[in-house]
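Have a look at these structures, which come just after this line.
The same chain A turns up in both complexes below, where it pairs with chain B and then with chain C.
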Partner chain A sequence: MQVFKTFMKIMKKHLRTSIIYIIVFLAIGIGMSLSDDKKTGFENSRLNISVIDNDNTEASRALIEFIDKNHTIVEVGNSKDEMLDALYYLRANVILTINEGYAEKLANGETDDLFSDYRVPGTFTAEYFDTQINQYISTINAYTTGGFSIEKAAEKTAVLMENEVKAEIISPNEKKDSSLLSDKISQYFNYFAYVIIMVIISGLCPTILVMTSKEIRNRTNCSSISSSSQLLQIALGSVIFSIGVYLLLTCSAAILYGSEIFSKNGLLGILNSFVFLIFAMTLTIFIAVIAPSSNVVNMIANIVGLGMSFLCGVFVPQMLLSDTVLNVGKFLPAYWYVKANNMLSGSNNEIFSNSKFFICIGIEIAFSVMLFCITILAAKTKRSSKSV
Partner chain B sequence: MFLHNLKYEFLQNIRQKELIGWMMLFPIVLATLFYVAFGNIYEKEKVFSEIDIAVVEVTKDDIFNTVLDELSTGDEPLFNVKYTDRENAEKLLRDGDVLSIIYVDKEMTMSAASKGLAPSIVRSFLEQYTNQKTIITETAKTNPDKLEAVIKSLSNEIDCMNTKQLSNGNMDPYITYFYNLIAMVALFGSTNGVFSATRNQGNLSAIGARKCVSPTHKLKTTIASLLAAAAAQIVCVFISITYIVFILRIDMGDKIAMIYLSGVTGTFAGTSLGFFIGSIGRISESTKYGIAFPVTMISCFLSGLMIADMKSIISQHCPVVNKLNPAALISDLFYCLSIYDDYSRYIGVTATLLIMTVLFTAGGFLLTRRKKYASI
Partner chain C sequence: MSETVVKIENLVKRYKELIALDHFNLEIKEGEVFGLLGPNGSGKTTAINCLLSLLEFDKGNIEIFGEKMTPENYKVKREIGIIMQNVAVFDELTVYENIDYFCGLYISDKETRKKYVDEAIAFAGLESFTKFYPKKLSGGLLRRLNIACGIAHKPKLIILDEPTVAVDPQSRNRILEGIQSLNKNGATIIYTSHYMEEVEQICTRIAIIDKGKNVAIGTKDELKKMIRNTETITIEALRVEESVKKQINSLEHVYETVHSDGKLVIRCSGGKHNLIKILGILSENDTPFGRVYSEQPTLNDVFLEITGKALRDGSDENNKEEN
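Now for the complex of A and B:
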């Protein structure tokens, strides 16, 4: 097992990048596992609103209470820089100032210029907030017109606006399926596609490149170890590394997300990711064959990894991608991988059925087989052109 | 002599053809991908457009129909309404042709395919309608002489917001992907920095060995090689910026010259960072590359190259990282140019980057100082 041992020794020296990817991925995984996404019925969207109260009356405080009930109140700071940053990075959707004289104006039946606000105009969030605030003001105004004092009107408005219209989610998956995976696991599996490609390529490629570099290959070739044994030992090393990474990531998922991973859909997700792992390994061998030098391996890995991820909906939900992008994506295995994942969690309006799911898995396998054949062809061409 | 060194250093740099080739290709491919992936999202997801809804009339409510008609016509309609039966409405919802269904009955109800802003707006509207009805019935019962005034006040158009703009720049948060992409290319200058550092060390390259025995002052050769390394990278950065701004037509503001200048500032920071890494200790060249690359990628990750919100998350929990992370600072330069009218923040960020450049260069130089070939 000399070749195998050497392979592992060389790989140990190239693991730095892989380890960094794994650590960052697990950190994100932990972050996601802390978030809470119960798939229960309809809930209104909550916006992030920053409120500055210049009026400071009972009525204005009642309004703040109303906003707090329906949205999240955030602090953004007073400087222009802080406010711009908060709006730009969506930490705050609207920065609302309740102008001085708010209560007085309302009591007199005036509704103009009660507030001044900063926001990114023309967005859904702005429209939503406006609808709600207008509703609130209109209701208070109606009550004051009806003869109530401003305080009483605010009180009555608060009570009235607690009435909710019944709303339900019609799931595209006909039966309200409780076996669907939660969004965070689905997200974990989706990111897995990018990470496994990056980890395996950056760990294996440089090692394979060293093992197959001209001098080393020539020297091993004139040793007593047969070439098939060499190949087998390199393959064994690669498989052990890949499976090791795979097990590490899957076990982490089990630790992070608990029993949900072992449900039927969770296990199908694990199967799906295993099939994708095979593709990632084939891809690595392909890149090792065509890569001109180990310096550019990282860059090729990034182009392939990030490229496939962005085109196939790994980072951005497939629903949001344009049809053209998705049509291109269909020629890449990650598209089918993500599609299968979406079926398991019911996201993206995908409906699970055994046949559809296994078609996706089949396509992923077909891609691996195809790429493997191309790799053998490329390796042969490269070798014969070198021998000439 | 300095110019002679500079020329040959530059030639050496651009003769790493594979690396330079990929360095040019990489951002172009990624920018194209970002463009196709994020091109429509902002329009589709964030910018308001009329909401497609289906209305199922279990009982007839003429007033409701009039209100809906009012809201679905005009210059800026809120809704695009389809009247249909329950079965068809649910089919439309499943196919994604409408976002919500309103069931008009004694009690209004609705359904949606998912949570989200559009269904929330629909629900808000329904609540408003129901509440107004309640107020009118209540007033009719308790205070009938005020009924007319109340109805009038309810039908008044409310204009209580006085919206001001903080900036005329492009507020599309997805643009940060492009900012970070340029920041990444600039920081890839670190590989050139490592290259130039190792080319000055006698134990790592033949050229380094020859340079060590030459009589030229080390500071001179170092500065020449650093400038050359940066120059080669600046070419790549300029290609990326040109591609993003002029071919993909991403709106990065109209201060074009300043955008290129920011690219130069960023590249200097990246190159000097690489030079510093390349100068540490006696570790091998490939290990130094192996450090420079992940450092660049982590820096870009923290600045939001993979997840756009990253910078915002960090600014909430550990703002100092954003003030020191080179990728975040470089992408900040482009952000300032696009969003701010004045240059005060831009100058601050530039100063931080330049100070970093000086510190890294000086640090790298101190690390390699006095390491004559004989003493390594």
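Now for the complex of A and C:
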């Protein structure tokens, strides 16, 4: 086992980068496990609005009521200086004056000169408030055109707009189906794809390159150890390292996320990541065969790891990626890995079914087999071109 | 009569159109320090690689210790130590770990291996550098480490492929002395080089290779006897009349007289007292001259006469193949 022992010794010298990746990944995992999912939600922005009602009708009071429901009405005084001070010190975002004749103009279908206001020009808050008021006025206008009285139209508009702003936020931990994995674990498994590629390539590739360099290979081939035994010992070292990293990351997930990992979907997630591990190992051997030197290994690892992750939805949910990106991603195994993870967590509107899940697993395995064949071909070509 | 350790018969190796070894034959006896001498690209490394089964050859037969050499003949491989032309050590391992690794490819017993590794370290004079990494070693020390890695398992046949390339004179002498001491301890040595001085210094028998062929074989004296030249006389003389050159050339043992770059070079074949006669002719003709040298033929002269070119005239094409 001389080759195996030396392989492990040399690998130890190349582990620095891998260890950094693992530490960062685990730190992110710990961060995710400590985050409170219940805080995740959606809240409308409430602005500070000052309203001066010069019309004082049912319609203008209905508008004030609508504003009060959605924002905070503040008193800033009536003088111009007081108003400007309030805007300057951000006590009010907008000072809205309802002009006299507001109700009458609305009833006649007119929408010009209904208001005058003070605001800080070009701010998001003012634009946001404008949009809301315009929508309110347009809706009233539609009702009055339809024959409703101004009071009735104001009442209906208030109800309608209240319904529109209602939004249902589903907490990640409050899935309807309890068998689905939480988003935290799903994200952990997704990031796993990137980390396992980077860790295995940066740890194994330089070691394999050293052990199979022309000088060392020739020298070892002159010895009384057969070349198949050498290859087996190198393969054994590679497998032990890869399985070790895999177990470390999987056990970390079990510690961080508890029993959920051992649910049916959790175990399927572990299976999915194991299949992806096989692909990562095949990719590592391929890079070790084609890389001209260990200096370029990190560069290749970054291109492959980051490229695949961004194209396949490891970092950004697949639902946010364009169709073109997703179509390209389909030619990479990470896409199918993430898709299978999404099925397990119900993310990205993916619905789990055994057949669909195992199709994804099968495609990942097919990618590994295909890459392994290409690797053998590349190794043969490289060897024959070197011997000439 | 000593046993044959290596026997190569009619070995042919082609790289596409290039014939690297052309019906190459060789027989090396036990206890010899056998030199393979030839310019870069002559086929020395190819012959060694075929001998070690690192290269497949097109035709021929190789026997080592009386057994056919194949990539799977691990019994024979166990008895061979190889020191490659390119240093083959791990940058990630210390001097001690490197020697231990290569020794461990042959010796599995830990105790024996430790003893052998320590002996190899002492042999190469690396006692003060056992914890050093190869990158911290000088070129000479690195070559010595390479040798220690190759001989640690105490092989019966040691093959050294250009072990002194890019080595300082001090390390070179140490390496050459080491090779002789390995031979005294019973190992048969195959030594390839294009440095004729080294080959002359340590080899008991020499084969001269050119274009993949074994053009001459024998001891250095036997090789020198194969050629016409027995003495080369060089005289520093700025001007030599044509009539004087003719007079010298007409001497019984002189077969070539050349004057160029202020030097008169006279090549003699057999006979004694040539120098006295030549100097007499120069004095009679009032030809002024400076320093005078008389040299015995070297292996370079042997190579020059046999192949028509100097030993260091390796063609670029062949260099590529060797490297």
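Methods note: the second predicted complex is superposed on the first by the 249 of 388 C-alpha atoms of A that agree within 3 Å, B and C clash if a C-alpha of one lies under 4 Å from a C-alpha of the other, contacts with A are read in each partner's own complex, and residues count from 1 in each chain.
We adopt the following convention: a contact is a pair of C-beta atoms (placed from the backbone, for glycine too) under 8 Å apart; a residue touches a chain by one contact, two chains touch by 3 or more.
It should be emphasised that the depicted structure is a prediction, and the values quoted were computed from it without experimental measurement.
In the superposition on chain A, A:I10 makes contact with chain C only, not with chain B. In the superposition on chain A, no contact is made by A:S179 with either chain B or chain C. By the touch criterion defined above, A:I216 lies against chain C but remains apart from chain B after alignment on the C-alpha atoms of chain A. For chain A, the partner with contacts to more residues, out of chain B and chain C, is B. Contacts of A:S252 after superposition on the shared chain: neither chain B nor chain C is touched.
Of the two partner chains placed by superposition, only chain C is touched by A:S224; chain B is not.
Judged by the touch definition given at the top, the superposed model places A:F124 against chain B, while chain C stays out of reach. Shared contact residues on chain A (touching chain B in one structure, chain C in the other): 13-14. Residues 15-16, 49, 52-55, 71-72, 74-75, 77-78, 80, 82, 84, 86-88, 90-93, 97, 101-102, 104-106, 108, 149 of chain C are the ones that touch chain A when the two sit in their complex. Chain contact summary for the complex, chain B toward chain A: residues 16, 18-19, 22-23, 25-26, 29-30, 33-34, 36-41, 44-48, 78, 90, 93-94, 96, 101, 107-121, 123-128, 130-132, 134-135, 139, 143, 146, 149-150, 152-154, 156, 158-167, 171, 173, 191, 286-287, 289-291, 293-294, 297-298, 301, 306-307, 309, 311-312, 315-316, 335, 339-340, 345. Chain contact summary for the complex, chain A toward chain B: residues 13-14, 16-17, 20, 24, 28, 42-45, 80-81, 83-85, 87-91, 99, 109, 111-128, 130-135, 137-139, 141-143, 145-147, 160-161, 163-172, 292-296, 298-300, 302-303, 306-307, 310-311, 315-316, 320-322, 324-325, 328, 349. Here chain A touches chain C in the complex through residues 2-3, 6, 9-10, 13-14, 210, 215-216, 218-227, 387-388, going by the rule given at the top.
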